[in-house]
Each structure stands twice: as C-alpha cells, then as structure tokens.
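Shared chain: chain A. Partners: chain B in the first complex, chain C in the second.
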Partner chain A sequence: MSTYPDTYRYTKEHEWVAVDAGIGTIGITHHAQSELGDIVYVDLPKVGAKVDAGKSFGSVESVKAVSDIYSPVSGEVTEINEALSAAPEKLNEDPHGSAWLVKIRLTAPEEIQSLMSSADYQTYIKAEQ
Partner chain B sequence: MSQAAPLQATPLNGVHRAMGAKMVDFGGWDMPVQYSGILDEHHAVRRAVGLFDVSHMGEIEVRGPEASKLVDFAATNAVDKLKDGQAHYSALLYDHGGFVDDILVHKVSDTSFFLCVNASNQEKDFEHIRAANRFDCEVEFASPRYAQLAVQGPKALETLRGLTTVDLAAIRYYWFEDGEVCGIPARLARTGYTGEDGFELYVAPDHAERVWRAVLEAGAPHGIRPCGLGARNTLRLEAKMALYGHEIDATINPIDAGLEWIVKYDKGDFIGRDALLAARGKPPRRKLAGFEMTGRGIGRDGYEVLVDGEVAGWVTSGSPSPTLGKNIGLCYLPPAAAEIGRPIQILIRNQPADAIVAATPFYRRAK
Partner chain C sequence: MIKKVRSHPTQNEPLLFERSSPGKKAYQLPALDVPEVDPAAALGGENVREEIPGFPEVSEVEVIRHFTRLSTWNYAIDLGVYPLGSCTMKYNPRINELVARLDGLAWAHPYQPETRSQGAFEVMAHLEQALEEITGMDAVTLQPAAGAQGELTGILLMRAYHEKQGNPRKKILIPDSAHGTNPATAAMVGYEVENIASNSHGMLDPEVLARAVTEDVAGIMVTNPNTLGVFERDIARAAEILHAKGALVYMDGANMNALVGIARPGDFGVDVMHLNLHKTFSTPHGGGGPGSGPVAVKKHLEPFLPAPRLKTTAEGLRLDFDRPDSIGRVRAFYGNFGVLVRALAYILAHGGNGLRNATVDAVLNANYIRRRLEPYYDLPYTAPNMHEVVFSDSKQAARGVRTGDIAKRLIDYGFHPYTVSFPLIVHGALMIEPTETEGKMEIDLLVDALISIALETENDPDVVKSAPHTTRVSRVDEVTAARRPVLRWKP
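Let's turn to the complex of A and B:
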C-alpha cells in the first residue's frame, strides 16, 4: 500500500498539499487515483491563475469519468506539471511524488490548519469505503 | 443520501469481490467495473481474450405453436429469416416508434425462441411482450434460470476448445449450439458486444462459478483477463454497438439510430411499424454520427455538440479509444451536419473543444 506522507495535508475531495516556504505543491491522493482508474487526461490552470480554497481549478479524467480538482488552499499558480499532459498515467504511478499537479503561492497560509493530517485522512477514506 | 433499493447481484458477485474487482452500481446491479484496469482489459480482449460476467443481462423465452408470430409482432426483425440455431439483432419498440430495448433473438426451433435483453430493461421487456401476446404461445421471464459469461477476443475459441465437446469452429458468427462446458449444460452462442470474435455462454446460475474459474484457467496461457463493464463499454463503443440509455431510448427510433436494417417492414404488422412508416415519409430529424476529438479533452455522454457555433446535438457516448489512442464518441447531429470530416465542437464543461465527424465503426476486426 502506498503511504500518505505525514508532512502533507489532505482534503475530503482527495487532494494533498505540501507547503514549503510559502509555496504549496498540490496533487491528488493515491486513493483518488485508485478510485478513478486509468487516468488519460489532465486539465490544469495556467501559471498566474488565481485559485480559491475549495474551488475547482482543473480536472483529471480516467477512461470512465471526469473528476474535478479542488484547491486545498488559496493563492496564485506559480508552476504547473507540464509532464502530465504527455503522460497523464504518471498520476496512477506516483500521485504523491513526481505526478504533482500545480504549485501555488499561498495567500492565506492559515487555511492549512483546517485540512486533514495523514492519519485523519486515512481514517476518513476507510470510513468512506 | 436517498434510500436506495438493495443492489441486485449476479451469481458471481462473491467471486468478483474475492478476486479484488472494483464494484459499482450499474443500473441497480452490483457489478465489476474493472479488474486489472480498463486499458489492460480492453487490450487483452483486442489482442488475446477476456472474460466478462454479464449475468445481469435478462433472458425471456417464448414457446408454443405461434411463438414465431409473437416474436415477429413484438420485435422488428423477421424471424422467418432465421434457421434453428441462428440468432439476430432486433428491437422492441413502442407504438410511437421509440425503443423499449434492443435485443438478441435466438431461434431454438419453430416453436421456441430465446431472447437476450438488457439488464435494466428486462422486467419492462417481459411486460411489453406479454401484453402483446394474442397468440398461441407462452412468455417466460427466464432470467433467474441463467447466468451469462462472455468470452471475447481472438483467443476465445482456443480458450474454450478444451472445455467443451462442441465443435466451436463450426459455430458461425451469430449462430449458437446447445452442449456442455466443463460437463455443465450450456448454450454456446458466437455473439458478443466487443467487436471481436467470441462466445457468450448461458449456464444455470449454480454452475456459473465453476465455468468462470475453468475459463480463466484455460485462458491463462493466452493471457486471459477477467474484465469489467468499463472495458465492455470502451470495446462496444469502438465497434459502434448501441447501448440502451445512450444511443437508444424511448425518444429515439431505429431510423435515428441508423438501425433501420433490423426493421423488416414487409413481414406484416409489428409494434411501432406505423410510426416508423410515417417517419420514413419525412426528412430524417437526426443522425447518429461518430466523432473524433481534434482538440483537447474528451466529449462525454450528455455533452452538447455545436455545429457552426450553435448547439445542434448531443454526445451519446464518449471515451478515450484505447485501440486507436484517440478520444472518440457517438453523437446525434442534424443529418446535414453529419458528413465525415466536418468540423464540429463539443461543449466540454462550457468550453468548446474541436472535433470532426468520423467514420464508424471506429474499429473493425481483421477477418
């Protein structure tokens, strides 16, 4: 089983965020990719786009379905993971690592406090099943 | 949360769960959507062989001296074209010409017909046929007596060869034979919903697990995969096979759907005939067309289609095509816009994405 890094924070919509020096790296969780199945398409915002916590900023699509990505935090997109556009299947292979989605300069760092810890998230997904 | 009715389960439900399939609610049935992954399963069927549990499908039997008359009156195709042991694709229509369901009719004999119908329509179909029965025959809701397994792919025949004494190679496409599989009485039909060669096996529910396991074992040297409904959908879409609730429903008639070839007007009266004849006298109102995305994104079921910037149709099924490596789909268009190569747009989450009308089927197996 994949591990959920303790340094990440998690949302009920199955995104994670890792904050370092005011920049949040955002991705989808192992559980999310597993539920989606083979991911074939990723739609990401442009660099410079403003995103709001809890609002959709893009989508991932599996063969079967489309799923919105909700931003765990508010801020401005500083970087997007260009590699995913040519190789969306990386999201199935390494969702907590190389297949991160976007980096965001946080405008409200305190938002992190309301997100789940790794332990809480794992309890949450167990209860969901 | 709404109060959902308990899901129905096939005889193989426990096997799917034990084997780690991902299960979903499919029209009220608790069914495997995938095992190893839709792409892996899809490729296995195109290149080797896959095994599907399709026991949720319904069976209806019509028996008696006038069985053929009832089937001819209730369904659109003409059973006098069928020999014993032959099957064909047909449709049940409402008086107004819309689809009750699309079905497979198997002729067992002049006095016995075996109908395979869609899972979520089976009760409705049964009532529809029974209500049409003014003939000397009986209609049985036979679903509880059958499990159905689909063995599909170029290695389907080799997979099954050692499990049966039936000469599988002698069964032609859309013919069937009654015999045994693993010593269990079975109806073996050379039919399928994938665009590949293959067989659909009808057995008693109590024996389904034994046949399932035996087929997986026999197919192992060929790389068989247990498959879910996800791959079944991508496979049938590439082959442009209609799915009830998508390409066809009560608001769509066979002319719209490009399925007039299963309607035999000259056989005499049948339910929906007058409405179809009336529709034939007018310009067609819509046409089912294939499309291929040329822009980014996937046109999904229900998305609107733009022609010259105006909403002019809708997507009935859309998905990545694992075989072609493109994003494809089917849509209803005004007939004038349905010419191959014509640029259209699909409204994907309120953003128009470019596509072109494409030739169908998207995939046709080499003979």
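Let's turn to the complex of A and C:
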C-alpha cells in the first residue's frame, strides 16, 4: 500500500484533501510532517470560518519552524480535530488518518481537479529533494 | 583535533530557592528614624501580606557566587567568535562604554527640562545626521527599541502615507529570502502578505516582481543583502517597478554591515528602512543590552514619523510635538538613549574611512570562510556573497548528520554555533557571519573546527550526532519542553 492514499488529492504545499459527499477532510502529508520534525503545536480555525483555496487557514509548529497550512479547497469549516491541541504528536504518527486537521463544506468542488493525484505528488516530492 | 577549549564547570548549581534557609539576609537596615506607618492602614489591608511564600533567604556572597558561576556557563563575544548569520554579533568596543558612562549622559533624566537636556539632544541630533548620511535617507527617528519595532514603525509609516493618499492598499510583497520577522510585521499592520520566489541565484527577479505589483500593493519588504548574504543586483530596477505603481520599498537593514560606507539604500530606491544599532553599530546584542532600531525615511514619509521630533530653534534644540500626520509615539521618552550614545561613539571613533574599512573586512572574512569551507560543505547558491555565507548540510545528511548536529559539535570545539536551518530557502542551512571583528587567527580556528567536523562525519558520524560532549548538559528534550512546558518551579 502506498503511503499516499490514491483517493486523496494533494497540494504543492503538502496538504491533502479527501472529499466525501461535499465535505472535504484536510490534513498535512507524511512528507510534510517528516520535514517539519516533531510537531509541538497546531493552530486551527474556528468552526464556521470561511477558507479560500490557496490561502492559509492555520499553522503547525515544530521545534524547527512554524509553517502555514494552505487550504486545498474553498468552503466553510464544519469541524476541527480537537484532539490535536492536546496531542500534536499525532500529526507525526498518523498524518493521513486520525490526525486530519479540519473538515470543510466545499463551495467550489471543481477546485479538486487542479490538485495532484497520489502518483503526481510522489513525483513532485522526489523532484523537490 | 580540538585546538581550543574553554572551561565548563561541571558542578551542579542549585537554584537560589534551594539554597534558602530561614533568617539569612543580604542586607542590614539602620534603625527607623521616622515615625512608623502601619502598611495596612496606609495601603488597605487586602494589599498587604505578611511574607512572600517561598521567597529565598540567602546571604550576599551566596547570591554573588550563584550568578557568577552561572555566568561562566555562558558564551559571549568577549570569549570568542560568535558566527551567528544575520545577527552581526560584533565586538562592543570599550570606548563606547567609556562614553556612555560619562556622568552627564549616564545620569541624564528624561524629565529634565529641555533647556537642561541640550547635550543629550545634541547626541541624538548628531546620530540622526550620521545615520542619514550613511543610509542616504532624509530623516531618521531614533525611537524604536529594536529591529522588529523598527520594522513595525516603518510599515506603519508606509500605511499612513498611503492612507493620506486616500487608500491604505492591501498587500505587502515579501521575497522568500527576507527576514522571518517581515511577514509578521506586515500582518500586524493589517496587510496581506504575498510571497515572491527568488530566482536560481537567490535573487529577486524583476519580471516575477512586475507581475505581482498591482495598485493593491502597498510596498515590498526586502532585506538587502538578503538572507543568503547576496546583494540584490536588481534592487534599483525593482524599486522603479514598485514606484511606477505608487508602491513603496521598505528595506530591512539588518544586513547593513555589508553596505556601510560602500552603498546607500537611499541611492538605490529605498523609501523607508530600519537599522539595528545593536548589529551594525556595535552596541551590545542579545542578552547584553537593549536593542535599538532607528528608522530612516525619504522626504515624502517624514511628516508621518513618530512624535516628538527634535527641532533646531534659536534657543537650541527643542522637542516638536506639533506633528499632525505623525503615527504617534512608538516608545516612551527618546528610545534606548544609552544605546544611541554607544552607536554615536562607534561612528565617531571609526570615522568615514574606518566604517568603510569595517565593511570591507566583514565581506572579506565571509568570503575567506566560503573559500576554505567550499570543498567540505555544499554551497547551494553560488552568487558572490557579501558579509555572510550560507552552506547546506546535504553532503553530511547522507551520513545522517544534520546542520543542528554540526552546530552542537561546534560547541565542543569551543565556539558558539552558527545560525541553524535559516534561511528557509536553503534546506539544512548553515549560515555563518564572522563580522569584521575577527582576525585570520580566530577565523582559521573556526574553519579548522568545521573542517574537522566534516571529516568526523565521514569517519565517525556518531560522535557528531551525539554532541555536545563537553558541556554541563548535552542535548535537552526540546520536544517535550515545547509540548508539555513546565513554566514554574515548585518545591
């Protein structure tokens, strides 16, 4: 099984989004957490906040740096992963699963088309290294 | 081979709280010779407490020895080279201290009447003029207390300027090679930040810039030389592009040590900039003293400068508060005055030629380090560098050794580490700035140590990965410290 699920779409800024029934679940990629190192703090938007594709909606802080998280899609935040504030290390352990960041009700579902597939993303991070 | 060592006392030093025993004192007061006042009656009973729980009771000599011992665990510019890139950790000449301790300056009080503050005002006016001449700008405020506050002041000036024209605009452009504080500054002033990617030489690309500059752009924040230590060759062209759309150019002057006496930002299109007196002008830096971040502007921004401004009148220098367009005060009184005195002492002790020589030596030192270390460390950007040089750890990473490991091993060789993992556009950066302070002997020791660590990485990487070995405490658990910080000592 690939580290990067085929059903997800990926950004150049190393976020992933999985869409189900108009709701996009967003997280950071395995590559992102590995580059960041030990994550110590996660800053997420409030439920109800509007986010725009390509714009920052929060940040993750590791012992090395603070990095913005850019939304892959536009929409409204319907849920945030509360568990991360007490246990930010989950982002290092399970970035593609239980350590999702936010869920968003998509307002422009076609935006998904411009994101990378799993195979394209893996090619992209290889080239970046 | 370790050629230079310094002492690391290994005794455990208890906290003052742990040394406390009841009744010990570090003072002896004479008998009260005025009528005794009941504090509860004077202040209200709820504001008075009998004793401070857990307050340490220790003797004077215990306090002195405690802090003196702690001070020996420290590293300072007076102990050796401090190669932190972009920090310009240069020697603080003793003449600065001598001048700052002159009675009339050291004991000046900010509430003295203006007529009795003429000497202090003259120091400030003289420094303003010197900084105007060095930067090629038209006016200077000395108020900001440090670089980040200088940036904030500068961008507030930019905003005030645009507001006066009827539209504050929305965005500030920031190249990816800029200082990390720049985006924070722009956001604090209410601007959106747009990142501008550098070209393959690590420089601003005028064509990329031209596409980004619109009527929404308030200005650009550019660090020059940038954080790669590279001079922005197209800065004048970039300024033209911004100015053509009514936008302004802010220069982060943190790297001014590469320009003083050689190039003036006012001559290459900069509208507003800050200086770090604690970097370029040799005043104490870091824990050694407060900073100072004067802001220099061109004429069109002068009306907005923080009030009050020094003004020459027939009766001498006076403070002018009548500044209707001013953004207001950014700092109490006159800024960090003692630091201003030291900076002026540095400028006058060097004179024009001396300042120019300092710049030339700073650039020479960085280039010497680059030449000697190039065979051992990867140099990701090969454009000519100025006062600092940025390597990457990519050669060492193949052996599992990262920039942070090399920095920690450098401590074993008796040096303060260089800047680790910054700038962000270089993966695994080692950023080294020797400044003009260092002679060839000290620089060779530093370079030899870094070469030796590169060789250790090949032959015995574990020794580097587990460094430092000679310090009282080796690696601390940064992750737990950040995730579950314990901020308070409890018995």
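As a convention for this text, the second predicted complex is superposed on the first by the 127 of 129 C-alpha atoms of A that agree within 3 Å, B and C clash if a C-alpha of one lies under 4 Å from a C-alpha of the other, contacts with A are read in each partner's own complex, and residues count from 1 in each chain.
Operating definition for what follows: contacts are C-beta pairs under 8 Å (C-beta built on N, C-alpha and C of every residue); 3 or more make two chains touch, one makes a residue touch a chain.
What you are looking at is a predicted structure, and each value in this text was computed from that prediction instead of being measured.
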Contacts of A:Asp43 with chain B and chain C, given as first, second, both or neither: first
Which of chain B and chain C A:Pro88 touches, first, second, both or neither: second
Chain B versus chain C as contact partner of A:Val63, first or second or both or neither: both
Contacts of A:Ile23 with chain B and chain C, given as first, second, both or neither: neither
Doubly contacted chain A residues - partners chain C and chain B: 38, 40-41, 61, 63-64
Parts of chain A lying in touch with chain C, wherever the complex brings them together: 38, 40-41, 61, 63-65, 88-89
Residues of chain A touching chain B in the complex: 37-38, 40-41, 43, 59, 61-64, 66
Interface residues, chain B side, partner chain A - complex: 22, 33-34, 37-39, 230, 233-234, 296-298, 300, 319-320, 322, 327, 349
Touching residues (chain side chain C, partner chain A) in the complex: 421, 424, 478-479, 482-483
